[in-house]
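Below is one structure. I have some questions about it.
Chains: A, B, C and D, in written order; residue numbering restarts at 1 for each.
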Amino acid sequence: MYSIPHFIIPDLILLVFPFIVIGSRLFCDYKSKIPWRIANIGLMLIFVLLNLIPLASGEGQFFISNWRVDDFGVLMREVLILSALLGVWLSKDYFEHGADGKPQMHQIAEFIGAIAFATFGGITVVSACDTLTFFLGLEIATIPMYALTAWNKKDQMGTEAATKYILMGSVATAFELFGFSYLFGFAGGLHFSEIHAAVAAGTSPLLWVAVLFLFCGIGFKLTLFPFYTWAPDVYEGAPTPVTAVLSVTSKATAIAFLAVLVYGPLAPIQEQIAPLIALLAGVTLFVGNLGALKQSRLRRFMAYSSIAQAGYIMVALLGPAEIGKTAIVYYLFVYAISNYLAFFVFGIIGHHREETFASLRGLSKQNPSLAIALAISMFSLAGIPPLAGFFGKFHLFFSGATTGHYMLVTFAVLNNVLALFYYIQLIKSAWVDEPDGHLTPLRLTKRQRAVVIFLSIGVVAIGFLPFLSNNIFAGFNY
Amino acid sequence: METILFNLIWVIPLLTVLVCAPISASHEKVLKALHATSATFVLFVVCVLTYRVYALSGTPTDEAAAPFLLRFFTDIPWLSAFNAHYIVGADGLNMLLLALTAFIVWAGVLVSWNIKGNQKVFFALIQLLATSVYGVYMSFDLVLFFVFYEMEALCMYLMIACYGSGRRDYGGKKLTLTLAFGSSMILATLFGLYFEGGVHSWSIMELSKVTLPMDFQMWAFPLMFMGFAVSSSLFPFHFWSPDGHSAAPTAVSMLAAGVMMKMGAYGCLRVAMFLMPEAAKIWLPYVVALLIFNVVLGPFIAIRHKDLKYITAYSSISHLGLIFLGLAALTPVGLRGASLQMISHGFLTGLFFATIGMIYERTHTRDITEMGGIMRKMPFLGVGFVLAGFAGLGLPGFSGFIAESTIFIGAFQQDSTLTRVVTILAILSITTTAVYILQTANRMLHGNMPAKYEALTDGCLREKLVIVVLVACLLFIGICPGWISEILDQSIAPIFAKISAAAVPAVGG
Amino acid sequence: MNLLNCLILAFLLFGIGVWGLMRRRHLIGMLISIELMLNAANINFISFAYFTAHDATAGALFSIFVIAVTACEMAIALAIIVSMYRRHKSLDADQLRDLHD
Amino acid sequence: MINDVTLGYLILLLPLFTFVVNGLFLGHKHHKAAAALAVTCNGLAAASAILLAIHYFCSSFAPQKAILFEYEFIPFVGELVAKIGMLIDPLSVMMLVVVTFISFMVNIYSIGYMREDRSAGRFFSLLSLFSFSMLGLVVATNLFQMFIFWELVGVSSYLLIGFWYHKPSAVSASKQAFILTRFADSFFLLGIVLVSYVVGSFDFSVLNSLGLAGFKYDLINLGICEVKRSTALVIGSVLIFTGGWGKSAMFPMHIWLPNAMEGPTPVSSIIHSATMVVAGVYLVARLFPFFAICENTLTLIMWVGAFTMVFAAVIACTQKDIKRILAYSTLSQLGYMMFALGVCKIGQVVAVTGWTASTFHIFTHAFFKCSLFLIAGSLIHQVHTNDLDAMGGLRKKMPLTYVCALISILAISGIPPFSGFFSKDEIILAAFQGRHYAVFGLALFTSGLTTFYMFRLFFLAFHGEPRHEGVKAGHVHEDFAMTLPIVILAIPALLSGILGKGLFEKFFIPGRLHVPQLMRLAHADWIPLAAVGIAVLALLIAWFLYASPKAKIARALDETNRSGLYKVVYHKFYFDEMYYTVVRQFIFGGVARVSRAFNDIVIEGLLAFCIWFIHKLGNLVRTAQAGYLPFYLGTLIIGVLIWRFFGQLPL
C-alpha cells in the first residue's frame, strides 16, 4: 500500500465528486440548496488544488504508467473545471423557473453530476497514455452530454435535439472505433509509446485509414466541416446552460483529443497530415462564418460562431508542439470566458424574453452595463484587440505561421472580417435599434450581476494585461 | 521624467475612462469636466514634449533605437509567449503626429459637448479612440502597433452607429468593416515579417537590420501597403470614407479624417516601405496609377455632391492622395512633403468637420442647396469655414500650401513617366479643388438667406475657442514651416537611407 | 481464414451498417445499423489481436470495453427515443423537423 | 536717418499691421478707427516708399539690383531653397511707389465711399491685405515668393470683389475671378516646378542670368514625351507666362475682369490701376531676360497682348456701363503693356526699348486709370447707377471732378502733354522699331479707338442735358473725401509723363541679357504726330456723335434697331455665354458627372456584388440545415469520402 502521488488528488476528487453530489440528494429534499453548495465548494476546491500543482514541462509525471499529468494536462484540467463551474452557475436559475419558452428543469444534483462526469471524461482524454483509456475518456465525456441535452423532459425541442445528437454521435463513435482498430492493427499495441515507435518506423495504408477515420470521428465532436450539421440544431434545442457546456467542455475535450494525438503518437507524421488539418481548418471557419451571417436566434447563432471558432483553433495544430499547445490552451481559456459571458447575458435575456436578436433591442438604453458586457464578449469573440479574443487568435495564427502556412493564416485572418460582420449585427441590435415597448424589462439577480461583471473584467484583463498569460503558462516558455 | 510623461500620453485617456466608470451617467457636468481636463492635460504634455524633441534635435539619442533617432525610448519585454516587447519612442515625425492627435482629441471633446444620448459612454469611447491613436504613433513594436491599430475598430462602430446621424448603422458598418479588412491584411503579413526575416523579433529596428527574402516581399508588400492604404482611403478602398464620415458625429468625423486616416499613411511609411524597401521600389510606381482617381477625380466628385460632409470626405480623399504621391515619389522631399501633408491635413480637416458640425447643429441640414447667406447670422463660423476652405485649396500662409508645394516639387524629382504624369495632373487639379470649395462656401454662406435662418446664433465661446486654436495651428505651420521641416527631415533621413540603399533585383512588377 | 478475410468481413459489416443507416427511417433500425458498425470495429480488434498484435489480450480487452460502453450509449439512446415517442407518437426520423434554419 | 532696410520693412509691414488689427479687433464696430488706422498706415507706407525711391534713384548705386533682406522659408533639395526677401531695383521701386501711393489714395477715397456701409472695417482690413500682398509680389526675390503673394493677391481680390456677399452677382463674379486666375495659376505653379527642376533654383538672379547653352543636350521626361532640357525651359517659360496671362486678363481669360466690376468701386480702381492686373505684366517684365532666351515665348506674348488690345477696345466702344467701359479700356491698355514687352524680340535679337516703354506705361497708366475709376465711383455714388443713360449734364454739378476727368481722359488718349502720350508713344515706337508692322498698325488704330470711347464716355457723362431726376433736382454734390484723391491723382496724371520720361530712359533697362541685342534702332519722328493726329480725329468723331449741338444722344443711346454686328460686339462677342457653357456643360455636366457615376456605379456596385455573393453563400450553408436527420447522417458519410479524396493523405 503506497501513498497516492499528490498530482492526481484533484482527479480523484473529481471522480468521487459527482457521486457525493448525487448522493447528497438521499439526505435532503429536492428543493434544498445543499447539492448546489457542495458542487460549488468541490469544483472551486479542485480548481485551487490544480493551481497548486507545479508545472513540469516535457514528459510530465506518470501514474501506473498510463495516466500522465503534464503541464498541458494541468492547464486543460483548469479549463475544464472552469467551464464546469461556470456551467453550474449558469444552470442554477433554470432550476428555479423556466426560460426561453421552455419549462423549468428538475434534479439539479444529477445535472451537476452529469456535468462533472463529462468534465472527468475530458480529463481522462488529456491524461490518457493508451488508446483504450483515450477512447473511454472520450465516451465518458460524450455520453453525459446526450443526457444533458435531453434533460428538459417536457421540452420536445430538447428531445429532438438529443435524438439527432445521439444518433450522429454514435456514428461518429463508430468511426473513431474503426480508426482505433486499424491503429491497433498497424501498431500491434495500445500504448502511445508503441504506436509512436511504429509510426516513426514507417507508415502504411492501414495507418492512413486509421488517421482518416479518427479525424472524421473527432471532427464530429469538434464540429468540423462537414460534420458540424448537428451543432446548430442541438445548440438550439438544448437548454441554454447545456449549450454553453457543450460549446466549451466538449470542444475542449475534442481539441485536447486531437492535440494529444497529433503531438503524441502521430507526431512523426505531422507534416503529412498538415494539409488535411489546414483544409479542415480553412473550410470549417469559412463555412461557420457564412452560416452565422443571417441568424435570428441567439443560440443557433452561437452554434455557428463556435463552429467557426473550431476552425480557428485547428490552425494551431499546424505548429510545433510547445507553441501549438500554448496557443490551444490559452485560446480555450479566452474562448471559455468570452463564450460564457455571452451565454450569461443571453441567459439573463432568456429569463424574461425569448432568446432572439429582436429581444436585444434597446438594451443599451434600458440596461447599459449589460449591453457593454455583451459588446465586450462579442468583440472578444471577433478577435478585436485589446480584448482577450485577439490575443487568443494571435497565438493560434502565430503557431500556424511558425511552420509557414501563410496562405491559411491569411485566409483565416481575412475571415475575421466576416466574423466581425455578424458579431456587429448582434451588437447593432443591442446598441442601435430602438427599444420597443412590449419587451418585458430585465431584472438581474445579485449572482448574475456579480458573474457578468467578473467575466467582463476577466475578458478585458486577460487581453489588456496579457502578460498574465506568461505567468499562467510559465511552463511553456521555449 | 520625460520618458514617464511620454508613456503617460496613452495611459491618461485610459485612466480617465477608469476614473469615470463608477460615476453615474447622470452627473454629465462632472464627467465632461473630467474628460476635458484630461484632454487638455495630454495636449499640454504633448506640446511640451514636442518642444523638447525640437530642442534636443541634433543631440545623440538612445543607441538601442538605431537607426531611428528616438527620444524617450522605452523597451520592456511584454509577451514572452511570442517575444513581443513594449517599445515606444519619439522622433520628429511621430511626435508631430501625436501633437496633431492631441489637438484634434481636445477639439473633439469640446465640440461634442452637448451630444445626444449617453454621454458617459460616448466620451469614454472617444478616450479609447485617443488611446489607440496615440499608441499607434508611439509604438515601434509590431504587435503593440497592431494592437493599438485595430483597437479603433472597436470604438468606431459604436460611436457612429449610436451617436451618428443619417444612415448611421450602414455608415458605421461600412467604415468599421473596411478598416478591419485593411488591418487583417496587415496582420496576415506581420507573421511573415517575424519568421522570414530570420531575426525572431517584432521590433521595427531589429527587422530593419535584415533584408527580407524577395519572394516574400513581393507578395507581402502589396498586401501590407494596401492594408494600410485602406484606412487612408486610397482608391479603390476609399468607399468607406464618404458614407462613414457623413454618418459619424462631429467629433468622430474629426478624429477619423483628421487622425485615423493618417495612421494608414504613417504605417505605409514607417512599416511597409521601411521594412520592405526593395518591393516598395518595384510596386510603388504602380500605386501611383491609383492616385489618378484620388487626386484628379476626387475633386470632381466633390463638385457633384450637395452634402457638406460628402464634399469634405472627397476633399480628404484627394488630399490623402497627395500624401501617397509624396510617398510614392521615393525622394526625401517627397517623403517630407507627405509627412507635412499628414499633419497639415489633420488640422485642416479637423477644422472643416468642426465648423460643419457646428453649422449643422444650428441649421439641422447639411445640404448646401438648402442653405444660403448664413454668413450674416454666424459670421464667426462662416469665417472659420472659409479659412478651412482656403487652407484646403492650398492658399499660401496656411499649412496646406507648404505641404502641397513640397509634395509637388518632391514628386517631380522622381523621373519615372507615370509619376511625372500624375504629378502634372495633380498640380493642374488645384483648380478643381478651388471650384468645389468656393462653390460650397458661396452656396452656403453667401447669397440670399432663407427666412427660416433668421433665428440662428453665432458660435459660443467654446466653439470659437476650438476654431481659433485650429486656425492658429494651420497658420503657425504655414508661416514658419522651417523648424517643422527640419525635425521632419531628421526623422525621415534613416527611412530614406534604408530605401535608397535597397538594391532592386531584376524582378518585373 | 486469414487476416485479410476478417478485415474484409469487418469492412462489409461496416458498409452494411452505413447502408442501413442511409436506408432506414425508423429510429430503432438506425440504432441497429449503428450497432453493426460498432461491431465491425470489434471484429477488427479481435482479428488484429489474433493475427498480428504482440499482446493478444489488448485487442480482446478493447472490444469488451467497447461492448460495455456501447451498451450504456444504447441505453441512453433508447431512453431518449422513448421520450421522443411520447411526444410524436411515431419513430420516423423524417419527422424530426422542428429544429432547422 | 532711417536706412533703406527699415524703410523696406515699414513698407511691407504697415499694411499687414493694418490688416491684422482691423481684421481682428477694429473690424466689427469701430469703423472710424479702422479707417483712420488704414489711412495713416498706408500713408506712412507711401511716404516711406517715396523716401526709398528718392534715396535709391539719387544714389550712384541706382540701376543695379540690391536685396534688402532675405529669409530662408523652406529648404528643398540642395540649392533649391524657397526664400522670402525684398529685392530692390528700378522696376520694383517704381512699383512700390505706385502701389503704396494708389492704395493710399484709394483708402482716403473709401472713407467717403464706405461711409454708410455697415462692414466698412472689414473693407479697410481687406484693402490693406490687398496692397500688402501686391507689395510682397513686387519685391519678390524668387519665383516661389512671387507665387505665394500671387495667390494672396488672388484671394484678396476674391474677398474684395465679393465684398457685398449678399449680392449673388457679386458672389458669382468673385468666384469666377478667383477660379479663372487660379486656373492660370495652376499652370504657373507647374511652370515653377518644371523650371526649378531644370534650373535647380527659384531665384530671379539665377533665372535671368541663364543661357540655354548649358541645357541643350540631355533629355528630360515630361511624362507624355521626352524633350531636351532647353525645350523644357521654353515650355516652362510659356507655363509661367500663362500665370500672367490669367492674372492680367488677356484674351481669352479676360472675362472675369469686366464682371469684377460688381465689387465696390475703390476695389475696381485699385485692381485695375496698381495691384492685381499689372501683376501679369510685372511678372513678364521681371523675368524678361529669361523670356528673351526662350525662343518664341515673347512673340506669343506679343500677339496675345496685341489681340487683347484691339478686342477690348472694340467692345469698349459699345458699352454703356461706365465701369465696364473703363474695365475694357484697362484690358486694352494691358494689351499695350504686354505686346510692348513682346515686340522686343526681333528674330533672334532683342531690343529693350519696348521693355522700358511697357514699364513706363505701367507707371503712367496707374495714375490716370485710378483717378478715372474714382471719378466713375463718385459719379455712381451720386446718381446711384452705372448706366450712361442716367447721366449727362454733370459738368455743372461736379466741376472739380469734371476737370480731373478731362485730364485723365486726355492722358489715356495719349494727347500731349499728358502722361499717357509719352508712354504710349514709346510703345508704338518700340513696335515700329521691332519691325512688327502689323502690330504697329493695330496699336495706332487702337489708340484712335481709345480716344473715341473715352470721349464718348466723357461727353455722355458730363455734357448734354441731365437725364437723371436726381441730377435735375440738384441733389448732386461733391464729397470732399472722395474728391480729394481725385484731385491729387490728377497731378501725376498730368505730369508723370514729362517728369518720368527722363528717369525711365536713364534707369530702366532690363538688366544683362544673354541674347544678341539690337543697338542701332530706327528713329521715326513722324510716329508721335501720326498717333496724335489719329487721336484728335477720333476725338472729333466722338464730339460730333455725342456732344455737338445736333448730336442725337437719345438715338445714340437706345439699343433697338442696331445692326447685328453691333449687337455681337455689345454682347462682348458672347464670351461670357461660351464660358458658362463650357463650365456648366463640360466640367460640371461632363467630367464631374462621369467621375461621380464611375464611383457610384462601378466601385459601389462591385462592393454591393461582393456582399450579395457572400450572403448567397451564407444562404447555401443555411439551406443545408433543413433539420433533416438522414441528410445529416449522410454528411457524416460524405465527409469521410471528401477527406478521403481531398484530404491529401498518402492513401
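The rule we apply is simple: a residue touches a chain if its C-beta (ideal position, glycine included) is under 8 Å from a C-beta of that chain, and two chains touch if they have at least 3 such contacts.
What you are looking at is a predicted structure, and each value in this text was computed from that prediction instead of being measured.
Chains that touch both subunit B and subunit C: A, D. Farthest chain from subunit C (centres taken as the mean of C-alpha atoms): D.
Set side by side, A-C and A-B show the greater C-beta contact count at A-C. Distance between chain centres (mean CA atoms), subunit A to subunit C: 26 Å.
Centre-to-centre spacing of subunit A and subunit B amounts to 42 Å, using the average Cα coordinate of each chain.
Centres computed as Cα averages put subunit C at a distance of 97 Å from subunit D.
Chain geometry summary: the mean Cα position of subunit A and that of subunit D are 78 Å apart. Residue numbers of subunit D whose C-beta contacts span two or more other chains: 622, 625, 627, 629, 633. Among the residues of subunit C, those touching two or more other chains are numbered 21, 30, 93, 96, 98-101. Multi-chain contact residues, meaning those touching two or more other chains, do not occur anywhere in subunit B. By the document's touch criterion, interfaces exist between A-B, A-C, A-D, B-D, C-D.
Chain contact summary for the complex, subunit A toward subunit C: residues 131-132, 135-136, 139, 143, 146-147, 150, 153, 156-157, 159-164, 166-167, 170-171, 173-174, 177-178, 180-182, 184-185, 188-190, 232-233, 236-237, 295, 300. Of all residues in subunit C, those touching subunit A in their complex are 10, 14, 17, 21, 27, 30-31, 34, 37-38, 40-42, 44-45, 48-49, 52-55, 58-59, 61-62, 65-66, 69-70, 72-73, 76-77, 79-81, 83-84, 87-88, 93, 96, 98-101.
Interface residues of subunit B facing subunit A in the complex, by the touch rule stated above, are 25, 78-82, 118, 121, 143, 146-148, 150-151, 153-154, 157-158, 161-162, 168-169, 173, 176-177, 180-181, 184-185, 187-188, 191-192, 194-195, 223. On the side of subunit D, the complex with subunit C involves touching residues 622-623, 625-630, 633-634, 637. Subunit D contributes residues 614-615, 617-622, 624-625, 627, 629, 631-633, 635-636, 638-640, 642-644, 646-651 to its touches with subunit A in the complex.
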